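Below, chain A partners chain B and then partners chain C, in two separate complexes.
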Partner chain A sequence: MLDYTLRRIAFLALVLFVVTTITFSLAYLVPGDPARLVAGDKASQEQVEVVRIRLGLDRPIPVQYAMYLGRLLRGDLGRSLHSNRPVLEDIRDFFSATFELTTLAMGLTVVIGIPLGVLSAVRRGSLVDHASRLFSLAGVSLPVFWLGLLLQLAFGMALGLPIAGRVSSRVLMDAPLQTVTGMYLIDSLLTRNWAVFRSAATHIVLPMVTLALPSLVLVTRMVRSSLLEVLVQDYIRTARAYGFPERVIMFKYALKNAMLATLTLIGLAYGYLLGGSFLVEAVFAWPGLGRYAASSIILSDYPAIMGVTLLVTLAYGLVNLAVDLCYAWIDPRVKLR
Partner chain B sequence: MRRVLRPLLRNRLTLGGFVGLLGLVLVAVTAPWWVPFPEHGGAARNLAHRLQPPDSTYWFGTDDLGRDIFSRVLLGTAISLRTGALVVAVAAGLGVTLGAVAGYAGGLLDEAIMRVTDAFLAIPSLVLALAIGSALGPSLTNALLAIALVWWPWYARLVRAQVLSIREQEYVAAARSLGSGAGRILYRHILPNAMAPILVQASLDFGYVILTAASLGFLGLGAQPPTPEWGLMVSVGRKFFPKWWWVATFPGLAIFVAVLCFNLAGDGLRELSDPRLRKLDGQANKEV
Partner chain C sequence: MHRRRIGLAVVALLLAAALVAGACARQAPPPDAGPPPVTPSAEPQLEDTFIIGSSQEPTTLDPAIVYDGSDRITRLIYESLLDYEGSTANVKPHLATEWSVSPDGLVYTFKLRQDVKFHDGTPFNAQAVKFSFDRMMSIGKGMAWAFKMVLNEVKVVDDYTVEFHLKKPYPGFLGMVANRYAAPIISPSVKQYEKDGDLGQAWAFDHTIGTGPYKLASWVKKQELTLVENDQYWRGWEGKHISRVIYKILPDSATQRMMLERGEIHTATHIGIDDIVALMDNKDIKIVQAPSSNFNWFLLLNTNKGPFRDKRLREALAWAFPYQETIEQLFRGQARQAVGPIPFGVPGHEPNVFQFHRDLAKAKALMAEAGFPNGGFKVTITHGENDWARKILEMTISALGELGITAETRPLVWGAMLDNMKSMDTAPDIVVGDWWDDYPDPDAYLGGMADAFWWGGREEKDYFYTNQEVKELLGQAAFEADDARRRELYRQAQEIIVKDVAGVWVLDYLYATPFRKNVHGFVFNPYYIMTYNVYDMWIEKETK
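Right, the complex of A and B next:
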């Protein structure tokens, strides 16, 4: 197991190396002179040159790259050209908002997607099953930013659910929230701040549902097809012959094996969620990484964009590392490969 | 041919997908000649009729500049289909070449290409496309390039697996013993036999590419105004939402319908091309 874990971690390191290489090379395609951007429009040519030397931008590119990697290893993602603060500090608050949203969407995906997939497999060929095929193909065809707008129209207007932001600012003013993790739901629970908890919970419903829908239908589909594959195996027929109740066969024998492929998909789905969150955050004015990235893109603040890309990749990599380790733990054969 | 077509057409959903695709292509090719307001596809202004709700003249209503949304949505079909075709072609071209070389050469080269491929696959694709798009600058062409650059690894992996199994076939050995070079063997003997799964993958990808391009357009990194690109139109319409709901709703619906048609057709093709899946479905039918 240790050997396998180390190999997976080495791969994650390779992934991060590739990402930094891509973003670093792209930085040279960005139009404009970064030294000029930092020094400001009014700076003289000498001042710009001083900034250039201070930032190390006068060195050969491979040296700059090595310096950049060195800084990364020390946890220094560089300074935002716009706010002139360390990118990591800029990102911290936004990250917890995105993490809260994607994690809850992931939870919803698993809690609804798996039972729905089982149902679809059990009733194979029935109306429920056909409806589920159309439903799942429709689900992955929906542009999430458009789905978000429709949900705002349907539920925001009709049910009065909030359609923008993480929490009502009035509630926050009456009952200030103590920051513990940066995730409003958890922080308000820990500090027993019920007013904020209620407000944060209603605010997250629509973005969460919007974000979860495409991955939810993918998981449903995957559970269905892998369950069908397992259900024709001999050991299931044996279990049936022994007269075990269908429920026991399904959940105790079949689903456990069908979960292996689903687990991998759940790891992949997290990538969809992270990408999708950029769109959902734009629609619901959710102050997360996507919003930060979008404004950085408009301001052509490339260090910030590099930082976000790297961090999102790291988050995705860690989730998939966890998934792979779970996989190896459930199915010992994996380790041998 | 009939043996291939019949099961494909028997499934109503798949059939619906293919009919829809045919419709989309027809609209894309012919729309400029018959939409009610062809000039509204560009920067035309019709301010007297701005933000009109759908009625008998403006079927989908008008946008903030008074342009007919129905005309713009139909004119946008060609943009989305072209986007899909170009990205899939570039990504498949790049991926097939790298995958074929890796699979055929083997050894260190294979190892290097595949590790890079895996690393690319381990980066969330929309985020990487955003980073690439923001470095290149906002335009439809750059968005296309950005998407193609994150899409090729799927093809590389697929093709490598195909090449690995085909290169051991006897006819390949025969070609080699007749003195054919590696390039000739790859392009004349191996790749033609590896095409089926690549085509299925491409048909499935088409829809996702259109969706991704629309997403970049929505975030402001794709097509720029006044192009009637669907994602961009939703993004503009969002400012007038929900009071003038039609501005964002109809372009979004167009994205959904187009992507759904590709997915229905692609899914049908995939099921057909995987005999294991077909057989399994049959068996499961009997047993469950």
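Right, the complex of A and C next:
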């Protein structure tokens, strides 16, 4: 297992290297001159050239790339051309917001999606099954930004749930939050700032539901169909013939075997969402990585774009590694080599 | 079967409940949205915090660099020598108490206020003014390009007198000094934060030491900025004022509108046209609407490359464009058809230049005359990604389609769009554009446009349009001291530009700023668009 993990990590490093190379090359193909961007639209050509030299953009591209890799190995992602702050600091701030939202959304997906899928499979054709199918159809067909707006209208305007931001400005003014992890719910719990905790908890509800819904319905459908396949297998029939209680058959034998595909799906969805979901973040004014990435692209902020790309690749790789390790835990037949 | 029917009924009930919840949306108050009800009294109670919703986060708070919507924040922290009076383009004293101009128009002398201090206690004086302008010119960003064009040097006469020496007389100079980006006056103490000769740029990105009524308390990126009152402010805090400003970053127009309706923000800067029209029916919202010198839309045609080198094809598009339909249907009546390149209300606007209207038959006849009776060719269009540009783009594609011309569209950000226009290898055939003039002067409008789009002005390089006569007229008019003569030169230039069909001048937009009804004291100035005179404003507590 350890061998396998180390090899996967080495492979991930290789993937990161390839991704860096591609992103670095792409930065030179898209329109826009980063030196002019930093110097300003109205800067004279001389000023632009001064900036070009200062940023090292006058050197041959392979040299620039080698310098970038050298800095990267020292944990330096460079400085944002826009904010002038180290990219790592920018990313840390935005990633914590995305991590908090995505992890809760995936939690919701697992907590609701798996039981709902099991229920639909066990009670095929029942009210629960119909409702879950309708729910799934809606979940996958509604564009996420539109769903967000609908939820804002229905629950924000009617029930008074906050519709934008991470916490109420007024609450934060009265009870400033001490930053520990950058995740407001955790930080407010750690510092016992209950006013901020309450406000942050209500603020996260709608974006969390919006973000969770598409993966939740996929998980529900996946669990249902996998379980239906497993439930007609010979070994389940044998178990029933032996008189095992239905609960034991379902959770000890059937669900475990039906979970492999679902686990892959959860891993992929989680990795994907960790890159930030721009649309949900834009609708709910959530200051996450998706918005940071989008504004970096708009401003042609190459160090920031490369930093985000690396982080997303890393997150994706690590989550999928974790999923692969879980396979062996769930299914003893799986051998990790 | 019975269980299934019950199931369907329950699902239907759930859906109905969700719909009812949505329908009731407007009636229920949010929990921490508005202030608690107050009992009426003779003197209305005031709120201390003004909350602005905006989709645009400042790109920097350094007053020497600001050259975009960041001035919505910096104008509350940093101040100019002069300001525009009310809603007009006339200048009035601010940090300068009075000014005089030498007879040859080359020296502007400003007397300064003597009771002003920067937020850190550093006294404001002539040295600080010279330091700040020199700093802006050295950094070379923001408004530096405009001052470099005309300014030779800033001289300290005494502690409270400063002279601006110009290279040649420039009639637009006072307007330039009062403009929204010409507030570079920062405390000289910023020098202590200098790093690698950056004149304190990295520090001033998110730290402030101005003279203005507010100072930065916090900036949580992509979330909000909070400003608090500068209790040493030279105008004092007697009377009705706002002591705290929260600037919330809300990227989505619909979210801004909902938060405004819920009373969670007091105003918003980027609400789309459809949402503005919807807000007009809301009794809790008031809308201040006025012509602006910005958001005026046009199509720039590439007269130096591709099909639009043929003037007949340019004219055909100008006759085919559905001006009224665009204004009525897409802009919901919140605009009027443009007359010439300089919009209504902007100095130098010429109401009598030729105005195209839609005449498809004439357009088709011109296409036939040019040898393209059924079109049959493709053009490229670049455009910005915003509500206004997309609407104009839609109508342009439709007008081109009627002439049998297909379009390939390319969304680009402003900087990349300008870069693309400057090389004929990458230049498109059409650019959907608008122009923000920096200060109320025809040179800032037409000269600025020529500089950016047509021939790079001072760089003498042709991009989208070439006409030697227009070049000379604009060059001459910019520095012409005689008002009447100057106006005539701009009139002549505009006539030629319109005759050459260098662009299709589509519409001048009526800019709308929505507010909660309890916000008072706002004065709209077309040259300070999307900014707020917060110090002069006040908010009464809302009673439900």
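Heads up, the rule we're going with is that the second predicted complex is superposed on the first by the 297 of 337 C-alpha atoms of A that agree within 3 Å, B and C clash if a C-alpha of one lies under 4 Å from a C-alpha of the other, contacts with A are read in each partner's own complex, and residues count from 1 in each chain.
The rule we apply is simple: contacts are C-beta pairs under 8 Å (C-beta built on N, C-alpha and C of every residue); 3 or more make two chains touch, one makes a residue touch a chain.
Predicted model, so just to flag it, every value in this text is computed and none were measured.
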item: Partner chain in contact with A:Gln233 - chain B first, chain C second, else both or neither; value: neither
item: Touched partner set for A:Arg124, first chain B, second chain C, both or neither; value: first
item: Touched partner set for A:Val18, first chain B, second chain C, both or neither; value: first
item: Partner chain in contact with A:Ala158 - chain B first, chain C second, else both or neither; value: second
item: First, second, both or neither for A:Val283, with chain B first and chain C second; value: both
item: First (chain B), second (chain C), both or neither touched by A:Leu149; value: both
item: Touching partner for A:Ile298 - first (chain B), second (chain C), both, neither; value: both
item: Touching partner for A:Leu137 - first (chain B), second (chain C), both, neither; value: first
item: First, second, both or neither for A:Gln178, with chain B first and chain C second; value: neither
item: Touching both chain B and chain C, residues of chain A; value: 31, 125, 130, 134, 149-150, 152-153, 156-157, 282-283, 298, 300
item: Parts of chain A lying in touch with chain B, wherever the complex brings them together; value: 11-12, 14-15, 17-19, 22-23, 26-27, 29-31, 121-122, 124-125, 130, 133-134, 137-138, 140-146, 149-150, 152-153, 156-157, 225, 228-229, 231-232, 237, 271-272, 274-276, 278-279, 282-283, 293-294, 296-298, 300, 302, 305-306, 308-309, 312-313, 316-317, 320
item: In the complex with chain A, residue positions of chain C that touch it; value: 3-4, 6-8, 10-11, 18, 21-22, 24-26, 28-33, 49, 51, 57, 59, 65, 67, 140-142, 144-145, 201-202, 205, 220-224, 226, 244, 246, 248-252, 254-255, 258-259, 261-262, 264, 412-416, 418-420, 426
item: Interface residues, chain B side, partner chain A - complex; value: 13, 115-116, 118-120, 122-128, 130-132, 134-137, 207-208, 211, 214-215, 218-221, 231, 234-235, 238, 241-242, 245, 248-249, 252-253, 255-256, 259-260, 262-264, 267, 277, 280-281, 283-285, 287-288
item: Of chain A, residues touching chain C in the complex; value: 31-33, 36-37, 39-44, 47, 82-85, 90, 93-94, 125-128, 130-131, 134, 149-150, 152-166, 168-171, 173, 199, 202, 281-285, 287-288, 291-292, 295, 298-300
